[in-house]
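After this come two complexes, each holding chain A, first together with chain B and then together with chain C.
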Partner chain A sequence: MNDIFYLAWRYISFNRFKTLTLVTCIALILFLPLALKMLLMKSEQQLMSRAVSTPLLLGARGNSLDLVMNSLYFADERPDSIKMQSVEDIYHSGMALPIPLYARFKSGDHPIVGTSLDYFDFRQLELSSGRLFAMLGECVIGAEVAERLGLSTGDKILSSPENLFDLAGVYPLKMTITGILKKSYSVDDKSVFVDLKTAWVIQGLGHGHQDVNTITDNETLLNRNKNSVTTSAKIKQYTEIDGNNLDSFHFHGNPSIYPLTAIIAVPTENKSATILRGRYLSSEQTEQLVRPQDVISDLLNTIFKMKSFIDAVVFIVALAMLLAICLVFSLSYRLRKNEINTIFHLGCSQGTVIQLIAAEISIILLFSAGLCALGLLALQHVQSGIVLRLFVS
Partner chain B sequence: MNLLQRILLPIAMAGSLFSSQLPAAPTLQVATVNYPLHYFAQTIAGPHADILLPMPADIDPAYWSPTAENVGQLQQMDLILLNGAYYAKWLPKVSLPIFKLVNTSSDFRNAYIPLEEDVTHNHGSGGEHSHKGTAFTTWLDFSQAALQAKSVYKALAKKRPKYKADFVKKFIPLQDALQQLDSSLKQTGEALQGAPLIGSHPVYQYLKRAYQLNLKSVHWEPGTFPDDQQWQAFATLLQTHPAKWMLWENHPNEKTVAKLQSLGVQSIVFNPAGNRPESGDFLTIMQDNAQRLKSITSSSPE
Partner chain C sequence: MISVNNLSFSYPTQGFSLRIPELSIQQSEKVAIIGPSGAGKTSLLKLLAGILVPQQGKISIDDVGIHQLSDAQRRDFRISRIGIIFQDFELMEYLNTRDNILHPFRISRALKLNASVRNRCDELADELGIADKLKQLSQSLSQGEKQRVAICRAMLPEPDVILADEATGNLDPANKSKILDALFRSVEKRDATLIAVTHDHELLDRFDRVIDFKQFYQQAASA
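Moving on, here comes the complex of A and B:
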C-alpha cells in the first residue's frame, strides 16, 4: 500500500502546478460554505447572547434596530435622545431597575459610554486594575482600549470633538483613567466608561470656569450688575477636571431633562416586564420599550434569508467547480493512457491502477481539507472582529 | 398616641417577636449626608444597621468635599440617605449607584424654598444661566423632618423587610417627638405675634415659613466679629426691621454679644445641628432650641 502512495505522491509532486490548482479549487469549495456558516453562527451567538442578557430597552420611538445596536454594541447609528426623567419614572414604577446609557461620544475609535455604576454589576464586568470612577472627569477603560493605546491607570484619555469644523463648540475633555476592566470578549472591551455626569460635561451641559465674581479683566468681563454678570468667550473654561477646579464644575438647567440614548430596564419579575411593556405601547408615547432579543431575532432572520440565497449560489458554483474538476481528472487520465498501458505491461493488475488513481485523489483531497482547515482556523481567530465590523460599525 | 399608632404598635411587637426567631441578615450599611438623617436612621434602625456620617465633625456637611476614597466607601454602602433640596453640594461631582440613593425630602420637593441670592451670568456657551439653589435646612420645619424620618423608615424597611416591625416600633416615638416639636414651635410662632427677629446666617428659611416668624437674615459667623461694613448694614436693617432678638447657629463670641446688646439686640442659639453635636442628640438639641425660642415670648430684653 505504501508503494502505491509513494508512486501517487511522486506523480502529484511532479505535476505541481496541476495539483496546486486542484487543491486550491477543492479547498475553496469546502471553505466557502463552512466559513459562511461559521461566521453566521458566531454572529448569532454574539448578537443573541448580549441581547438575551438585556431584558428590556427603553429609547426614543423610531428605528428599534438603531436603538438596540447603539445600546448593546455602542454602534455609530445614534437613536434620538430621551430624558433622564424616564429613569425616575421606571424606578418609581417599582417594576424594573433602570440603568441609563448615553453612548454618543467617542475617544478616537472607541465609544465613550456614559452610565451608572450599576452597569458594571449588570454586565458582570470586573476590574483587572484600579478602581471604578468616583469623581467627575474619571473613566474606566476596556481591556482592548488599554492594550491598543498602551494606557494604564492614572493615564489620561481625551474625548474627540463631534465635529472637527465646529470651532466654537465644546472643548474635548481630558479624562483620568481610574481602572481597567478584565477582558469580557464583548464590545465592552473596546469602550471607555464614564459617569453620566461626565458624559454631560463632554456635551457641555455641565462645565467649569473661572469664578465670574472675581474677574476684573475688561476684555473678559463685558457687563456686571446686581443680578447679572456677562463675560466674553475669553473666560477660562477647564478642559480637565482635577482637585483644584472640581468645585467650579456645575450643571445648568433641570437635570431631569438631560439626555440619554437609552435605558436598560431590568424587570423585578416577568409580570412586571409585561405590564411595563404595556405602558409604552400607545402610539402617542414618544418612547418605546423593546425586547432586544426580538429585535436581534428579526435581524438574524433577515440574515438567514440572505444566507439561503448565498447557499444556493455557493452550491451552484461548487457544482460547476466539481464538474470542472471531474473533467480535469478525466482529461488527465486520457492524457496518461500510454503511462497506464506501460503499468499494465509491467505486470500490474487493473485493481492496482485503480488503487493508484484513488491514492492520487485521496492525497489531493487531504491537502484540500488541510488548506480549508487552515483557512477556517485563521477565520476563527479574527471572526469576532469581522462580526462586529459587519453588524455593528 | 393616635388610633393608627395604637393599632400598629401591637402588630409591630408581635412582628418583632417573630423576626427575632429568623436567621440574622448582614448588618445594613447606611450612609447619610447630615446629622439629622444620621440620627433618624440610627434611631429607627437600631442594631440592624451601621450608620455612617462620612464627613469630619467640624465642617458644614453641605459644603463637604469628599475624596475619591470617601466616594469609594460610599459606593460600597447598601443605602445612601440624601437630604434633597440641593443640600449636598458635592453630590453632582461624584459617581454613586443610582439605586442606593434615597432623597428623603422628595415627598415635599415642591415645597423647597428657592434662594433669593441668584446672580445670573452669560459667557457665550449655554446662554444665560445662574448657579441658583434652594434653602436646604429642611428639617427645621419639624413636620418636614417627620416626613424625612418616615422616608428613612421606608427606605430601611424596603432594604430589610424582615426587620420592618422593629423599625416601626422605633419610628413611631420619633415621629411623635418631631410632631410635638412642631406643635410647640407653632404655639411659639403664634405667641411671638410677628415680633421681628434676625438670623445670623441664612439657614432659618423653613423655620421662618413653618412657624410664621418675622425673621430676616444676615451673613455672620458665630466665631467672627463682624467688620464695620457688616455693622453698618446691620444698623440699616434694624431701622426697617427693629428686632430685639438674634438667632445664632452656635454661641457667638462675647464681643459680638456685647455690641449687639448695646444696640438692644439679645442673642439666643438655635442650632440647626447639621453635623454631629459635641453633646446631646438631635432631639435634645431641638428641644433646647424650641425652649430658648419660647423663652423670648416670656422675657423682654432691656
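Moving on, here comes the complex of A and C:
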C-alpha cells in the first residue's frame, strides 16, 4: 500500500498546479457550508447568550431590534432617548433593579457606555487591573480596547466628536482610565465604560470652566452685576476633569429629564416581570419594555429562513463544482489512458490501478479537508469579530 | 524454450487473423520478427506476454502453458518472467529514472522491492550508462536515455524472455546501434531470450534468427 501511495504522491506532486486547483475547489465546497453553519451557530450562541442574560429592557417606543442591538451590543443604531426619570420609576416600583445605559458616544471605534456600577455586577465583569470609576471623568476600558490601543491604568482616552463639521459641538473629553476589565469575549471587551454623568458631560449637558468670579479680563467678562455674570465664548472650558477643576463641573437643568438610551430592568421575581411588562403595554406609552430574548429569537428566525435559501444556493453551486471536478478527473484519466495501458501491459492488475486512482483522490481529498479545516480554524479565531461586525455595527 | 502450436488469433472487430502452426524459440536465442505493418507481429508479442489470449492453440514458455493460466496468473507470470520494451518507451513522466526502473516492483505483489533490488537497479543503470540520470525526471532525458531506462525497467526483474516492440524505432542511427549493443549485452549477461519486432533491416545480421511474418498473416476473408 505504501508503494501505491508513493506513486500517487509522485503523480500529484508532479501535477502541482492541477492538484492545487482541485484541492482549492474541493476545500471551498467543503468550507462554504461549514463556515456558514459555524458563523450562524456562533451568531445564535453569541446573540442569544447576551439576550437571555438580559431579562427586560426599557427604551423608547419604536424599533425594538434597534433598541436591543444598541443596548446589548452597543451597536450604531441609536434608539430615541428616554428620560432619567424612568430609572427612578422602576426603582420605586420595587419590582426590578434598573441599570441605566447611555450608549451614544464613541472613542475612536469603541463605544462609550454611560452606566452605573451595577452593570459590572450584572454582567459579572471583573477587573484585571485598577479599580472601577469613582469620579467624574474616569473610565474603565474593555480588555480588547486596552490591547488594541496599548493602554493601561492611568492613561488617558479621548471621546470622539459626534460630527466633525459641528463647529458649535462640545469638545472631546479626555478621560482617565482607572481600570481594565478581564476578557469576557463579548462586546464589553471593546467598550469604554463611564459614569452616566461623565456621558452627559461628553454630550455637553454638564461642563466645567474657569471660575467666573475671578475673571478680570475685559474681553472674557462681558457684564457683572449683583445677580449674574455674563462672559464671552472666550471663557476657558475644561476638556479634562482632574482634582483641581472637578468642583467647577456642574449640570444645567433638571437631571430627571437627562437622556438615556435604555434601562436594563432586572426583576426581583417572575411575577414582578409580568406586572412590569403590563405597565408598558398601553399604546399611549412613549416607552416600551421588551424581552431581548424574544427580539433576538425573531431576528434569528429570519436569519435561519435566509440560511435555508443560502444552503440551497450553496448546494447547487457545490453540485455544479463537483460535477466539474468529476469531469476534470474523468478527462484526466482519459488523457492517462496510455499510461494506464502501459502499467496493465507491465503486469499491473485492474485492482491496483483502481487503488492508484483511489490513492490519488484520497490524497487530494485529504489536502482539501486539511485546507478546509485550516480555514475553519482561522474562522474560529475571528468569528466573534465577524458576528459582531455582521449584526452589530 | 518458447513453443507455439496451432495458434489462432483474431480481433473480433477487425478483419485480421493470425495463424501460426508451429514456432519454437530456444533459450538465449535472439530472434528478430519482421513483416509488413498489420501482419500481427505486435499481436504475437502480446500473445507471448499473456496480454492477449488465443482463440485456439498453445503457447508455452519453459513448459508453462500461458494459454491455460488465469488472468491473475498471467499478470504475475508476465511481470516476473517477461520483460517488455515499448517503441515509445512508455515511461511515467512524473517519476524520476530510478522510480521508473523500479516501477514494476511497486505495481505488483509478484515482485518484492527490497535493498538488493535497489542495488541491482543502480548496477543496471551503471551498466547502461545512465547512473548519473537516476534522479532526473524522465521528461528531461534524451530519446536514447529514455530507451535505456526502458531496458533497465524490463531487465530489473531478471526475466527469462525480453519482448522488444520496435525498440529502436524512435531513435537516430547512431543511437540505434548503441541501444542495441546495450540490449544485447544485457540479454547475453542474463542468458535471456530476446524476441524483437523490427522494421530495421540493417540490424537483422546481429540476430541469431529472423522470422518473416508474411507467412502467418491472413486477411479474415481468406482465413
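In this text, the second predicted complex is superposed on the first by the 393 of 393 C-alpha atoms of A that agree within 3 Å, B and C clash if a C-alpha of one lies under 4 Å from a C-alpha of the other, contacts with A are read in each partner's own complex, and residues count from 1 in each chain.
Everything that follows uses one rule, which is that a residue touches a chain if its C-beta (ideal position, glycine included) is under 8 Å from a C-beta of that chain, and two chains touch if they have at least 3 such contacts.
Just so we're clear, the structure is a prediction, and the values are computed from it rather than from any experiment.
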Open item on the list: Clash or fit: chain B against chain C, after overlaying the two structures on chain A?
Closed with: fit
- [ ] Would you please give the vertex angle at the Cα centre of chain A, with arms pointing to the Cα centres of chain B and chain C, as a multiple of 10°?
- [x] 160
TODO: For A:251, decide between first (touching chain B), second (touching chain C), both and neither.
DONE: first
Task: Partner chain(s) touched by A:138 [first = chain B, second = chain C, both, neither] - done: first
Task: Between chain B and chain C, more extensive residue contact with chain A - done: B
- [ ] Could you tell me if A:287 is touching chain B, chain C, both of them or neither one (first, second, both, neither)?
- [x] neither
Open item on the list: For A:188 in the superposed arrangement: first (chain B), second (chain C), both or neither?
Closed with: neither
- [ ] Have a look at where A:339 lands relative to chain B and chain C in the superposition and call it first, second, both or neither.
- [x] second
Open item on the list: By the touch definition at the top of the document, which applies to A:360: first (chain B), second (chain C), both, or neither?
Closed with: neither
Open item on the list: For A:11, using the defined touch cut-off, is the partner it touches chain B, chain C, both, or neither? Pick first, second, both or neither.
Closed with: second
Open item on the list: Touch test for A:231: chain B only (first), chain C only (second), both, or neither?
Closed with: first
TODO: Please work out how little space separates the C-alpha atoms of chain B and chain C at their nearest point after superposition, in whole Å.
DONE: 76
TODO: Enumerate the contact residues on chain A facing chain B in the complex.
DONE: 87, 91, 97-98, 100, 116-118, 131-136, 138, 168, 170, 178, 195, 197, 204-207, 209, 212-213, 226-233, 235, 237, 246-247, 249-253, 255
Open item on the list: Taking the touch rule as given, give the residues of chain A at its contact with chain C in the complex, in rising order.
Closed with: 3-4, 6-7, 10-11, 13-15, 338-339, 342-349, 352, 356
- [ ] Would you pull the chain B residues touching chain A in the complex into a rising list?
- [x] 65, 68, 71-72, 75, 92-99, 118-126, 128-129, 131
Open item on the list: If we count contacts the way the header does, which residues on chain C are in touch with chain A in the complex?
Closed with: 46, 49, 51, 72, 75-76, 78-80, 84, 86, 90, 92-95, 99, 103-108, 110, 113, 137, 153
